[in-house]
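Listed below are the structures to be examined.
Heads up, the next two complexes both have chain A, just with different partners, chain B and then chain C.
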Partner chain A sequence: MRRELLILIAAVILALLPRFISTYWVGLMTQALIFGAFAMGLDLLVGYTGLLSLGHAAFFGLAGYGAALAITRWSLDPWLAAGLGIGLSVLVALAYAPLAVRLGGLALLTVTLAFGQVVWGLATRWTTFTGGENGVPGVSRPVLPISSLDIADPIIYYWFSLFWIVLLVFLISRFAHSPVGLSLLGVRDSETRMLALGYNVHRRKVTAFVVAAAVGAVCGILSTYFNKFVGPGSLDWRLSAQMLLSVVIGGPGSLWGPFVAGSGLFIIRTQLVGETQRWVMVLGFLYIITVLVLPGGLASIPVRIRNRRISTLPSGTFDSTGGEGGDV
Partner chain B sequence: MFDANGGSILTVSDVSVHFGGLLALDRVTFNVARGSRHGILGPNGAGKTTLFNVITGFVSTQAGIVRLNRNDISALSPHRRARLGLVRTFQITTLFKDLTVLENALLGALVRLGHHRNALRAARDDSQAIALAYEQLEQLHLDHLADMPVQQVSYGEQRQLEIAVSLALDPQVLLLDEPTAGLSHAETHAVIDLIRNLPQSLTVVIIEHDLEVVFQLADHLTVLHYGRRIADGLTQEVREDPVVREVYLGTD
Partner chain C sequence: MDLRFWMFQLLNGLTTGALLFFVAAGLTVVFGLMRILNLAHGGLFLLGGFVGWSVQQATGSFTLALVAGAVAAGLLGLILQQAFSRTLLGSPFNQVLLTLGIAFVLNNAYLALWGGAPRSLQAPEIFARSVSVYGITYPAYRLFLIGLAFVSGTALIIFWERSRMGAIIRACVDDRQMASAMGIRVDLVFTFVFVLGAMLAGLAGVLGGPVLGVSIGLDFDVLLLAIVVMVVGGIGSLAGAFAASMLVGLVDTFGRASFPEISYFTLFVPVILILLLRPKGLFGRFTGE
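For the complex of A and B:
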């Protein structure tokens, strides 16, 4: 209940935000929230289940490409196209996850990276269908059921995205705290114990992988419709890396930390001039700082503050069991 | 013992396991009677843990058959066997270290209730599962630790928690791998009492080094030595067996 209330309060504040910021920033915030949700979904795989992926941009991009191509080539309705794109992404994840999650650690990292590169290669090489490096422009946004709301308006699109993101965050939070979510933490801690308790560990890992992919797919759709365009950038391994680092910097397993970091990193990126090369450096730098100075990520800051306040109290008889993560 | 598997809940027939050139189990056969307290004895490296691994599916048999209630389960994966009621603890404590004591028991209780596939309702709001997990902790006098992360409870309490977590599944056969290893005298007695108080309907197989503990708990004994079964029978009989006295009791 408390969690859901917090989500609602955050949603209301974010809904009011466009009143106070410029149109330029409304656009930035739209995208920032999308990447926040993407990182939050990935946290279910990375923070909860303890499996690293450097390839989840593939599911973000696949959904975007699926929808964009369906709209531009077959003039499908954008609502249907969105469903198609997400469906495509989830199907590919369902096919790939059972192979990938048999591996762990570095092997999984490289195998997901390789997979992402294959999808990226397909999008850039199959020029006649995917538009190659030029991507797919001219993607139309869905028509809203309420005719007075014009989705072309940046603020309306912001609210449109916010609606889906709040729904996503709500579902992710629900999922994370459900028995299945708890079982993912169990898999992270001890696969052996989970097997001995009768859990199908392999299937749990597949579930986490696919759920993270599905969240990425929804975000990919929102991003594609925002840009009215999809290009190979949405499949780039650097996007995967940015999301993975968002989880680490935000605090794996905390959900809200990766959301904040995912949004924050996107904003930082847009404020750097001459992007690309420098961005990877900045990202690496932020990562190193986190690992050295703030090992639990952003999510550990409240815990640290609380502990500091406690340690300055006269009696030291407080037992701080308030954990790293676990709570949204 | 000799009439095939009359009252047996678990039978191990001609099981062999090689690790490279090492024969860890050499055509081992024995039956566990329903409701019995069955001890497995043997010096270090005798193959006791390997036997548990074969029974629970963590190591696959290269030869031989494991049966539960007469059904061949040799090809089933560990989690399938656990769901059939074959639940074990580990020689080296195996728990969810970052979770609380209650959450550890809860993961067992959820499986027992069939709620473990629920993906949208908060586990914390599942009062039925929480009650079951609590009950299990209470039974082992661990309920006061419920909200502590496992990392912060003592080794002795962790050993007991491992049994509590296993019991939360309501097993048919509970396999305990050296449950008292590394425990103090008092803690050992607590665990012995705990095992004594388990319901009679539950079959317990227990690997134990401490002869005093085994003789107190077990009604049946199987003795392994270098992967071979060298004795098997009622505890009184096996105790007096000259081969066992020479090979096992002599070396201890």
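For the complex of A and C:
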């Protein structure tokens, strides 16, 4: 109950936010929340299950492209198109996860990267269908069932996204704390023991992979409708990298950490792009410093403070930051 | 699509493969040795290219550019390895974060130092002409590159298979702990290999200058291809890296020439298939787990 209450409080605060910030920031916050949820979903795979993916932008972009093409080419209703896009992503994930998760560690990292590049390559080179580098402009947003709410209004779209993101966060949190979710932690920490206990480890890994992909797909839809456009940028491996880094900076396995880091990194990035040409360098240094100073990510800060208080205990007792794991 | 077209593409593919080999050799051996996926390897490649360009602008000599590019990349490799060796050996999370962070910093530093305009190196005098091979006219410099890759590839593999140092490195790749127990200074071996790999990458940056040019973004393009080579060839295998470089170079070139719309498919789909069906790569003995 405490978790649900916290999500609710955060949702209410976020819902009231547009009263206090400018329209520009409402737009920024919309995107920040989308990337936060994306990172949180990826944490189920990376932090919970201990599988590294450098290609989940593929599912983000696939859903976006699926919906955008369905709307612009076949003039499908945006609601239906969203379902189609998400369905496409999930189907691809279902087809490819069972093969991919047989690999672990850095091999999985490379195969997800390669797969992401395939999708990206299709989007950029198959210009006649996907629009190539120019992407797909002119995507219309869904019409809300309440006619007094105009989705073209930035604040309404913010609330629209917030609704779906809160729902996502709620579902992710429920899933993570369900028996299946908890068994993922077991897979991460000791695959052999889980096998010996009779768990179908392979199926758990596939589940985590597909759930992370589905979350990414929903976020991809929200992002596409926000921009009314989808382009190869949504499939770029650098987006995958940014999401993976959000998980690591936030603290793998903590769920809230990656959400905060995913949102925060997006905002920092957009602010830096306006301020300086050196933002790539700043971002790079941010990653390096995180590794050197805060290897457990943001989520390890409360644990560290607690550790400092209980300094009489032998060091290391409380040192589990919930996700340094993953056997090398 | 006559025979000359295919001949041309074949040579282009081998040129790409030759350059790839120099980059991928270091990447794959370092990964095999220490389980480190160095995502900053493309940055070392590009440093070689930019330093080489500057040196050639100043002195007009391609040989000096080669030396300077390789030394600069080797030095940077040494600094990176010494500064971060402990973190690099940690969890894969931290490795990815750290090396990608370094890659971004390097990328932006080059932009600050050399600007965003694409540069190009001049091929050395003696190769600055075309020769005819089997009825087609082809730049001599590219033929030189292909030849160089075959010669140095053979030399490296002989060093790897036959020399005492090569045996030590292979021992470390196969079983680091046992090698260490036998009294081999694994840390020194690693530094040596890391720096050698960095120098090869820097060398490739200069060698590729007259063909690919030197530009921001090339670091990541080359890194992706080198990762593909590493995976296809089998992690930690030099012979695998050589065969895979040529294969990837050819597949990429023919793919681009024949099916430009889906050229990424032609390159990455075989990679995915190889990884899924034969996770150890064509020549590899272990996976990246």
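Operating definition for what follows: the second predicted complex is superposed on the first by the 298 of 328 C-alpha atoms of A that agree within 3 Å, B and C clash if a C-alpha of one lies under 4 Å from a C-alpha of the other, contacts with A are read in each partner's own complex, and residues count from 1 in each chain.
Simple rule for what comes next: contacts are C-beta pairs under 8 Å (C-beta built on N, C-alpha and C of every residue); 3 or more make two chains touch, one makes a residue touch a chain.
All values derive from a computational prediction rather than experimental measurement.
S.K.: Both complexes share chain A, so when I overlay them there, do chain B and chain C fit or clash?
M.R.: fit
S.K.: After lining up the shared chain so the two structures overlap, which partner does A:Leu5 touch, if you call chain B first and chain C second: first, second, both or neither?
M.R.: After superposing on A, A:Leu5 lies clear of both chain B and chain C.
S.K.: Once the two structures are placed together by chain A, how many degrees is the angle at chain A between chain B and chain C, based on Cα centres and rounded to a multiple of 10?
M.R.: Value: 80 degrees, nearest 10.
S.K.: Compare chain B and chain C by how many residues of chain A each one touches, and report the one with more.
M.R.: Counting contacted residues of chain A, the larger count belongs to C.
S.K.: Is A:Trp126 contacted by the first partner chain B, the second partner chain C, both or neither?
M.R.: So A:Trp126 only meets chain C here.
S.K.: Taking the superposition as given, does A:Val280 touch the first partner, chain B, the second, chain C, both, or neither?
M.R.: Second partner only, chain C.
S.K.: Quick check for you: in the superposed arrangement, does A:Val293 touch first (chain B), second (chain C), both or neither?
M.R.: neither
S.K.: Return first, second, both or neither, reflecting whether A:Ala100 touches chain B, chain C, both chains, or no partner chain.
M.R.: Touch status of A:Ala100: second partner only.
S.K.: Quick check for you: in the superposed arrangement, does A:Ser190 touch first (chain B), second (chain C), both or neither?
M.R.: First partner only.
S.K.: Where does A:Val111 make contact in the superposed view: on chain B (first), on chain C (second), on both, or on neither?
M.R.: The answer is second: A:Val111 touches chain C but not chain B.
S.K.: Just chain B (first), just chain C (second), both, or neither: which does A:Leu182 touch?
M.R.: first
S.K.: Which value, in Å, gives the least CA distance between chain B and chain C in the superposed three-chain arrangement?
M.R.: Taking the overlay as described at the top, chain B lies 15 Å from chain C at its nearest C-alpha.
S.K.: Show me the residue ranges of chain B that touch chain A in the complex, using the header's touch definition.
M.R.: Residue positions touching the partner: 56, 58, 77-80, 82-83, 87-88, 90, 94-99, 103, 106-108, 110-111, 115-124, 126, 129, 147-149, 152, 165-166, 169.
S.K.: Which residues, counting only chain C, touch chain A once they are in their complex?
M.R.: Touch residues, chain C against chain A: 31, 35, 37, 87, 90-94, 96-98, 100-109, 111-112, 224, 227-228, 230-231, 235, 260-265, 267-269, 271-272, 275-276, 279, 287-289.
S.K.: Tell me, which parts of chain A touch chain C in their complex?
M.R.: 46, 52, 54, 99-100, 102-111, 113-115, 117-118, 120-122, 124-128, 237, 241, 244-245, 248-249, 252, 277-281, 283-288, 290-292, 295, 324-328
S.K.: Spell out the part of chain A that touches chain B in their complex, as residue ranges.
M.R.: By the definition above, chain A touches chain B via 171, 174-175, 177-183, 185-186, 188-190, 192-201, 321, 323.
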